[in-house]
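Two complexes, one shared chain (chain A), two partners (chain B, chain C).
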Partner chain A sequence: MSHSHDHADLGPSNTRADAAIARIAGRLLPAAVVLLAAAAWLAWKGGDANATAKLYLVSFSFILAISLGGLFFTMIQFLTRAGWSVAVRRPAEALASNLRWLWIPFMLPLLWLWWKGGQHHDAGTHALGLDVLWPWANLEHMQQHEPAEYENVLKKAGWLDPNFFVLRAAIYFAVWAVLATIFFKGSTSQDTVGGTATTDRLQKLSGPSIILFGLTVTFAAFDWMMSLTPTWFSTMFGVYFFTVCCTAGFSAMALVTIRLQSLGALKGIVTREHLQDLGKYIFAFGIVFWAYIGFSQYMLIWYGNIPEETTWFMARQMGGWTTFSWLLIAGHFVVPFVFMISRWMKRWNVTLAVASAWMLFMSAVDLYWLIVPVIPAGLADATTYAELAEKHKDAPVGFFTLATLCSIGGMLCLFAWRTARTLSRNHLVPVRDPRLGESIAFQNI
Partner chain B sequence: MSASSSMQGNTVPASGMDNTIESPGQRAPLVLGTGDFHTVTNQVCRVTEHPSVPMAWYVAFGVSLMLLGALGIAVNYLIFTGVGVWGLNNPVMWAFDITNFVFWVGIGHAGTLISAILFLFRQKWRTGINRFAEAMTIFAVICAGIFPGIHVGRVWFAYWLFPIPNQMEMWPQFRSPLLWDVFAVSTYFTVSLVFWYIGLIPDLATLRDRAKGTIQQFAYGLFALGWRGSARHWHRYEVAYLLLAALATPLVLSVHSVVSFDFAVSQLPGWHTTIFPPYFVAGAIFSGFAMVVTLAVPARELFGLKDLITMRHLDNMNKVILVTGCMVGYAYSMEFFIAWYSGAPYEQFTFINRAFGQYWWAYWIMVSCNVITPQLFWFKKVRTSIPAMFVLSLFVNVGMWFERYVIIVSSLANDFLPTSWDEFIPTWVDIATMLGAFGLFGVLFLLFCRYLPMIAIAEVKSVMPEANPHWEGYAKGHAHHGGAHHGHGGASAGSQPAFQDPRPGQP
Partner chain C sequence: MTTFATPSSTTAPASTETSVAQTWGLVARFANPAELMHAAEAVRKAGYRYWDCHSPFPVHGIDHAMGISRTILPVVVFGAGAAGCTLGFLLQSFTNSYDFSIWAMVWVTGYPFLISGKPLLSFPAFVPVMFELTILLSALTTAFGMLAFNQLPELYHPLLKHPGFGRATDDRFFISIEARDPQFLRSKTGEFLKSLGASSVEVVES
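Moving on, here comes the complex of A and B:
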């Protein structure tokens, strides 16, 4: 291969696309507004507060996972002093930079629910509270309707306490916002000041940052997703959510990179070699590692066959959820594994874009699968599995509905709008990173 | 900074220079004190060609042989008498035997990680340590393989572990993870052996070409498979190496995951937890890297390999130990937290019992050695201090042995039925078998050091600046040496050209 890319153009015509990206952003904002308004209207018409709240949690978790994936990618590159990735690091940093505002669409509704739930209300009337999503937030209700679960939840009431819960959420968002700011500001300021001091500083910070990241992501997953079924527990759950973040984040990163190139930027800077490596990241973390973690969690619970653990999976094997679970296995692992294993599929931007878009979609499916299913009432009354399955054979999934697609799509547009705004104001590549030369010259052999 | 000038790739990196310092944008050299491939060949081959070996080798070999003898006695006594000679009894039916098995399988993982995963991650520093880490893998798996074999009781029926067609239509229980273990570990051993051997071929040819005695010429020549170093040979070699790396990568995860299934599929509190597979894998890599450091520190000293296994290599390995130690710490915390969070009285009891029950001392040895002391590796001073890293790596070895002991014995000793609770006390046979396995490992490893190239000569050359096709020689005016008459490898062997960006920096 020739070494013409040693002389890649690092001028603004190739490393910035402010106007073009701003135009895209200008289209994304109205799309987000329309879709979210439609979702809100459909929710209001549906009148099911629990379903609405769950859908909102799915949609929010989706864009949160993308941002966390971007943050993880950025930090791991500094931690390992990677050379190859400099050319594609800015999209990841831009995705992660959304963590600076993502607390707003989560903390505001959460605080409102917390405040409403804490209000004194007359017996008999049911006010909205945290229990719209998390049953443990209303212990009285649990005691009346699910006495067995109540006994269990009482033992962990210290952890699943509304005040502590809200405080923890604030801590997670604070940590993420600080980390995203450190890495985004550090890298973009290097665009002007240059030098190696920034790189040295971020390398030093990356180790402790990743530890904070690992703990916050784990406990956020425990709090927001695992505690939806407050009696259920799995030590693997934090790691599972981490793989969701990797799938969503790396796929989004590849899509952003390819889109930027299609605008005419990054010529000779981002090459097929980088695309191939991004594809490898999606393949390794989003497809294979995800399957490994998912399989291990499922197999051990299935084999152990202890009712307090299996119920969670049983809820995902009832009625329409059975098909949905198979869709997840086939769509998140089997098909993309075969599709992406060849190096050419990762090196050609068209196939990589198709695979990335698909994997991004599948991470939304995965989050829906994690959050929405409910353990059917009267589970304990059933004597056989077949009887139970028969009773719930019509359990609806509701993923391919207008409300779901508008909600997830609207959130994604909102997120893409903010990401585009960020990219329209910055270089699309860390132009003065000391390892940029090494990155541009990098080849897979 | 004086060191930074020598990082430009223009001057020969001085022997003993501090290559742990790396200014962003300029990669520090991985091979020190030499300006050519010939020196590398000489440094590695000298160990096998030199008529005498250091006294320390004889001492270590003698001690290992004695321990191997102890293993022989203990195992024979066991076979002739029965497994009752071990301290096993109801309810602790697994103790030292399975602890040792898991410990040794775990040790092997560093070798596979270095040779396969670090290869796919393009970590060039792996070339300095991969050969003997892979050797370590093979010897560790051999040690591990002994234990399931002898703990079955009637050793002469150990072949029943394999699904061999027979007239009684008797088959192993395919639903048991113990059988999956047989497949996982034997696959692992096979792939590791093939991978190691493929990598050895060019270096065996180098030794053959340099050999003076007929026996050496014949022996090295036999195993070099007629290697001549032609472009076609190298091409085939590189393809095979990449494919084997890709095949070995899932094995790094699968083998110890299957080992963890041995415990986690059960319903025993302390064993049945979903994080076990990745937790066991992280622990295996952790203990394996600790063993590599334990072995590399004296080896580079004794055999004069400090310019090839540099402080940078050790520094990197210590970082891997820190990372995997933190992962293991994460898993311990998750187990404890979820045991409380689950609200299940049995889970809660098991973990409190581990920390404060009859095996509290084993638990706290485990936590101290695996989670607390490795945190010292946050400090570069510790990571680059030979005595500190040696001691810390020994701690990790001890800690990881105790981890398995704690998991296995503490969960079994205090299970669901308090009336049958008991304490496991090892007998002399238990202890002799455990120490004896170290003897077996030591004997194999020391023989390897003596008779085979301890460092992948061809691969190390490929990460030197000279291997880059655009390299134009050191400023001092060394001529560019071709690889052929200095052994196999070098420019033509460049699996990855060591690219040194010639530009001083970005605009």
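Moving on, here comes the complex of A and C:
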């Protein structure tokens, strides 16, 4: 029997680490600037607008997924009135609070592309537009070069309309910013006012919030990632992106929690019991649920074997992408499943940190796999898969290039810098949450 | 830690006049979980081996206080899950992909059947059954393994004869020490239990 909760120190020396975290933030900002500058320079040198835009979408989706994972965790705790999780909820709230500024690095480029695209449409000149990423944004081009696809995409033109598309993106970000503000501000204000009113209010709001969350995440995934291949469709795609959010968000949460403890904070508040449960979340959502959803999406398409559906997977089974896909299955499911299945691996902070860092990395790999591959050219003319595979056997992947690593790493540093700033100005645990005592005393049976 | 159901009728204790009655052990009653926890630690430290705690609800940390090592059930379940997964694959690949015969009470032969132009050994098609068999064997092993490791179902136990023991399902906490324990001495053990704060210590006959 551990009576540690009787002695848990809730004073500022244990629940705040302002100076130490601010020092970390001070190192992260220059790292972000250098890496992003390097990525921008490499992109400019590369001169491939489409590749640059895709890489940017991967990097942005990565930090978006982490934030959405944190938001989902926070909401689900209020929805279920969970007691155990209070001690580890603040890192999730801090990750989610980034949704208040994440619209900037997405909406500004998007609006610029939208405006430029509209201009070139009027003037008939070739300039950058939304079609740098999303082919449906330039229907004339599709009509000339991909008449078969054009016929299909034309039927979706009501939804895949540039104006409506930008409006929807604005709505998603507005919903996320509002939800993140409600839950983050609510929880941090409780640190000073105390009482149970905040908890009651957030519990009431969590139900409608999670519905809004489910809808916005699903449609954002449809819009930004699925419509990269506008002829392709999968009703499972939104759930798949949700699993990416869970993987990235929960892994980041565990890493932040372990790092805070290594700074000397949260002693006796966050225990092995909490680490084990964070590990369970990563295991259940990030590893098993991810594989379950990914396979469910794959199997139906594989079994149905209809060309309009299989092309998306074919793009991921050509040349280097074949190996990449196998490595994704091994690295995102098989290896971490075996590594994390034992309770001891989740309870020891070293093994949990290793597993979390790996899963965070794998969620970036997963997003790269979702966004970057292109449907092989000459698909309509090929008669057999073998012929097509032979033609595209050198299809490049390019994950381990300097540009990719700088871009993803830079965005992650930017994100970590903002998260660290948030944590350096708040308590690291909801100190006056009515369920904190219950959480500290929590034990896995 | 075992929690027994309330006996259907708490009859008066059997007559002690019969000479065959043997002492099964001692049962001590405690008022709250904290006392139980404290006493359990003392009993463990005193070196008793055949003893148990009884409470109306799970008490966090009691395993640690009693010195009970962790169950090996998870390892067994993992093995069962892996076996289910393997069996699922073997079953399907044998029945769908090959045509050799094996003897399983009778001679059975696989039946390779081409479905929608897929290869005979189509791994993706096998996955759902492999997954379900993994879950099935894991779940059954968890349930029945739990029963087996707890030596359940146990239809009779001497403690159930003890008139006050029904309250172990309500508001009292008990520690029982069996007479077969090498350290057991009726008087000494009784006094030891009393010294731990037991509100009563009574003899249970087998």
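Here is the rule we go by: the second predicted complex is superposed on the first by the 439 of 445 C-alpha atoms of A that agree within 3 Å, B and C clash if a C-alpha of one lies under 4 Å from a C-alpha of the other, contacts with A are read in each partner's own complex, and residues count from 1 in each chain.
Please note the rule applied: a residue touches a chain if its C-beta (ideal position, glycine included) is under 8 Å from a C-beta of that chain, and two chains touch if they have at least 3 such contacts.
Being a predicted model, the structure only gives us computed values, none of them experimental.
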| item | value |
| --- | --- |
| Clash-or-fit label for the pair chain B, chain C on chain A | clash |
| Chain B versus chain C as contact partner of A:445, first or second or both or neither | both |
| First (chain B), second (chain C), both or neither touched by A:343 | second |
| Touching partner for A:81 - first (chain B), second (chain C), both, neither | first |
| Touch count on chain A, higher of chain B and chain C | B |
| Which superposed partner A:23 touches (first chain B, second chain C, both, neither) | neither |
| Which of chain B and chain C A:116 touches, first, second, both or neither | neither |
| Partner chain(s) touched by A:159 [first = chain B, second = chain C, both, neither] | first |
| Which of chain B and chain C A:303 touches, first, second, both or neither | both |
| Chain B versus chain C as contact partner of A:141, first or second or both or neither | neither |
| Region of chain B that runs into chain C when the structures are aligned on their shared chain, from 150-158, 420-428 or 474-482 | 474-482 |
| Set intersection of chain A contacts, chain C complex versus chain B complex | 299, 303, 305, 441, 445 |
| Chain B to chain A touching residues, read off their complex | 22-27, 122, 250, 253, 257, 261, 264-267, 272-278, 326, 330-331, 334-335, 338, 340-344, 378, 470, 495-497, 499, 501, 503, 505-507 |
| In the complex with chain A, residue positions of chain C that touch it | 37, 58, 60-62, 64-65, 74, 78, 116-117, 124-125, 127-128 |
| Touching residues (chain side chain A, partner chain C) in the complex | 1-2, 295, 298-299, 302-303, 305, 341-343, 441, 443, 445 |
| Interface residues, chain A side, partner chain B - complex | 3, 6, 10, 81, 83-84, 152-153, 155-156, 159, 194, 196, 199-200, 203, 207, 211, 214-215, 218, 222, 231, 233-239, 288, 292-293, 296-297, 299-301, 303-306, 308, 431-438, 441-442, 445 |
